Amino acid sequence: MHIPDGYLSPSTCALLYGTAIPFWYTAFARVKRLMNTRLVPLLAVASAFCFVIMMFNVPLPGGTTGHAVGVGAATVVLGPWASMLSVSIALLIQAVFFGDGGITTFGANSFNMAIVGSLVAHFTYRAVAGRTAVTSSRRVIAAALAGYTAINVAALLTAFELGIQPLFFKDASGAPLYAPYALHIAIPAMMLGHLTFAGLAELFVAGGVVAYLQRTNPALLGQRSAAGAKEDASPAAASGWKTTRPLWIRLALLMLLTPLGILAAGTAWGEWEAKDFSDAQMRRQITAASGQVAPPSEQPRGLARLSSLWSAPFPKYAPPFVHHPAFGYVMSAMFGCGLILGFFLFMGWMIGKRGSVDSGTSP
Amino acid sequence: MTVPIFEVRDVTYSYREVTALDGLNLTIMPGQRIVLLGANGSGKSTLLSMLDGLCFPEKGSVAFQGEPLAEDRLIGEVEFAFRRRVALVFQNPDVQLFNPTVFDEVAFGPLQLHWPKEQVRLRVSEILEQMEIGNLKDRSPHHLSTGEKKRVALASVLILDPEVLLLDEPTAALDPKSESQMIDFLVSCSGGRKTVVTATHDLDLVEDVADYCHIFRRGRIVAAGTPTEILNDHALLLNTNLVHAHRHAHAPGELHSHPHRHGHRH
Amino acid sequence: MTRAGKNSRGVVERSLASFVDALEHAFYAEELAKKNGLLQKLDPRVKIVAILPLIVIAALARRLWVIAVLFALAVAIALLSSVPLGTLARRVWLGVLTFTGFISFPALFLTPGPAISSLPLLGWTVTAQGLRAAIYLIMRAETAATFSVLLVLCTPWSNVLKALRVLRLPVVLVVVLGMTYRYIFLLLRNAHDMFTSRKSRIVGRLDGPEQRRAATASVGVLMSKTIQLSGDVYLAMRSRGFQGEVYVLDEFRTNWFDWAMLALFITVAFLAFWFGR
């Protein structure tokens, strides 16, 4: 999932660096406040750990092996912010020193795996684990699911970033300048491997680590800020949530609001899917490229209907450039991200609420 | 009357429900060279961290030159002053060598204490030559042998020229040659007014680096004396797991046992 | 059962191989960085400022010949810096070609455009645009990878880190990166020992779930060690006067040669940008 140099256009790279920076900044400030002077050794050693984890091969059912990113395990033990930084640092060293993943694409790789991966893992873990005891088996399942979900969301983002390249960036002859596959190929090709092998590796690592730590060192799971910070688990997580909530809400709102009404005007989804999915020749080729899994034969009707819904507010007044299909893609992507973010915000809010109710009723 | 460098009074400390120090009393005078002798897990390392102001007693008190050594006092300038005067060489050199190169490693301490950069460069080169590791200057710690790592670790604290040198198992895991080299360094740097506290279970080290010994067992000092007194007390050494009875047959059918020391000097 | 046996060795051996690879890679890099060549002579900061734009422009160029010129430039720099081309071919070019070649192969057929030839048996048609797309991807990936590998092979790692400060990276991050790199090798060694000792104990009869438990337990052990290590390292840092702020020594000095080379590199980058628009 490490995108090498040359697969993404510099503008995409710049955009993703730009998106990643506020997260890095917030994470750094958060972890620094929590860990105080312990920040430096903790980050260094945790990053080294993440790096080494990416080299572990895990046996998978069916006789193959795969290796995990370790973002699930890192998030459960270190918390989302420290995990975000550690995985990013590990990726940076991989990119610069071992040539695994590009330098221009480092922002993109960090955003997908480290930032979004950690956040998705964190919220999944908290939602599934709830307030169960540290040693309960539900925590193992929660961690496993967190790893699995995180890696798949990261893969989806990667596929999306790769998939929009041929849409925007073509040379004079129409040849794609960067990653050549459009979304309808990039997404299935990417997800097939991740929903199965890579996802399972991550699932086993995250679940296995939590199961192992429950037996040997449950203290590591009990406190969000490992390695000696004195803060107790839930307040630390909660306060982190509170301080950064405005950032999240603003981002989610922004993403949700921008494409309103513009989304459907381009009818981007309908166009490419109707055309490509019904063309028999094209379908064969997609199937071959996506590892022999046939794409759906019809365009998703739900989306088409959804887009007509959004077009209602101002169908005629939208500026002409919004009719460009590429613009529609990006808008719908922003919209999708906004939805996901909104969903996590809602979950976080629910968890927070449930937590306070719990502590309110307990003596 | 001289004020003791360290005064440890009734100190108790436990680590994850295991008692490491149990009502410990100890006084260390300036310029004294003492050895804390004890088997693994007898509490020596904990005491050294405590003398270095890295952990603090649960009960009892530790005083440094008459001033209490407590967590809330050891901050800012007070801490800087203390760090300049007291230095600890950790048992595991991998923990202590966290910089990318040997040069950076030795320069770390002085830089944190705000020495001028020119002076740092000069002193680092000097101390590396003195410890005969000048050729390792640009090497990464992971390419060094254990003996070299230990020497770099020692250099990284000696550069600060501390008054008190705390050494945790300085000869552990060394091959015989590096061990004798290490002992030579320790003897040469412990001369003069330096106070040296060495924690070890290596009896061979005792006579070279100590004027006085304290024997540890389960977080307490169970005996004390000059190296000669202690090393000749076989019953005591056997009892504190510092030697073990080594059985072997001298003649057919005759089984004989006597205390046996491990360790090699060449 | 044989499969399980083979498999258990496979996992251990593959992990071991990747650890050893990483260690060797690092060792080799340190050796090359000591040689006397063009890049080795340059101030690390100049190297970063000179080579980064070339990587970006290799990604930016919209003309194949410009990317090809940049690639040729990278090869020339490698030769001038006594980096053996054989090594470069084995370590970079072949790897990138295999990976990116595999990725871009279907693009030959999938990209819409006029057909220029077709595969004998399957009858799939290769389009001109598809061919161009594949060449773009491979050339870009090769060029960027060659530049970044050259930068790292010809500079001691600790200097790469310190030089990153010209990119306005905070000191604390530079220090964290240095320590991360240092402890990667300690943990790799740990993991390596763990696997070798396991290998000596396994006779070859572990079923899937057992193997998995063993593998994830290894990760767990490593994680516990990691946390312990970070606590110990903190104490070691504090013992030497660390109070949260770090101070580092950077002793780089530039001379006329550095500036001349920097000017040359920037000019090339600008020209490549201009012609590659």
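So that you can tell them apart, the chains are marked A, B and C in the order they are listed, and the count of residues begins at 1 in each.
Basically, contacts are C-beta pairs under 8 Å (C-beta built on N, C-alpha and C of every residue); 3 or more make two chains touch, one makes a residue touch a chain.
Predicted model, so just to flag it, every value in this text is computed and none were measured.
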Fill in: Most widely separated chain from chain B, with each centre as the mean of CA atoms
A
Worksheet entry | Most heavily contacting chain pair (counted by C-beta pairs in contact) | A-C
Discussion item. Taking the mean of each chain's Cα atoms, which chain ends up nearest the overall Cα mean?
Written reply: C
Worksheet entry | Distance from the mean Cα position of chain B to that of chain A, given in whole angstrom | 48
Worksheet item: So, what's the distance in Å between the C-alpha centres of chain C and chain B?
Response: 41
Discussion item. Averaging over Cα atoms per chain, report the distance between chain A and chain C in Å.
Written reply: 23
Worksheet item: In chain A, what residues contact two or more other chains?
Response: 41, 44
Response to the item:
In chain C, the residues touching two or more other chains are 26, 157, 178-179, 181-183, 186, 229, 233, 237-238, 242-243, 246
Fill in: Residues of chain B engaged with two or more neighbouring chains
98
Worksheet, complete the sentence: chain C residues touching chain B in their complex are 26-27, 30, 156-158, 161, 178-179, 181-183, 185-186, 189, 229, 232-233, 235-243, 246-249, 251
Item to complete: Within their complex, state which residues of chain A touch chain C.
Response: 4-10, 13, 36-49, 51-53, 55-61, 63, 65, 70, 73, 77, 89-90, 92-93, 95-99, 102-104, 166, 171, 173-181, 185, 204-205, 207-209, 211-213, 216-217, 220, 226-228, 285-286, 288-289
Worksheet, complete the sentence: chain B contacts chain C in the complex at 49, 52, 54, 76, 79-80, 83-84, 87-88, 90, 92, 94-101, 104, 107-109, 111-114, 117, 120-121, 138, 140-143, 156-157, 160
Discussion item. Which stretch or stretches of chain C touch chain A in the complex?
Written reply: 3, 7-8, 10-11, 14-15, 18-19, 22, 25-26, 29, 52, 55-56, 58-60, 62-63, 92, 95-96, 99-100, 104, 106-107, 109-113, 124, 128-134, 136-137, 139-141, 143-145, 148-149, 152, 157, 160, 172, 175-184, 186-188, 191, 208, 211-213, 215-224, 226-227, 229-231, 233-234, 237-238, 242-244, 246
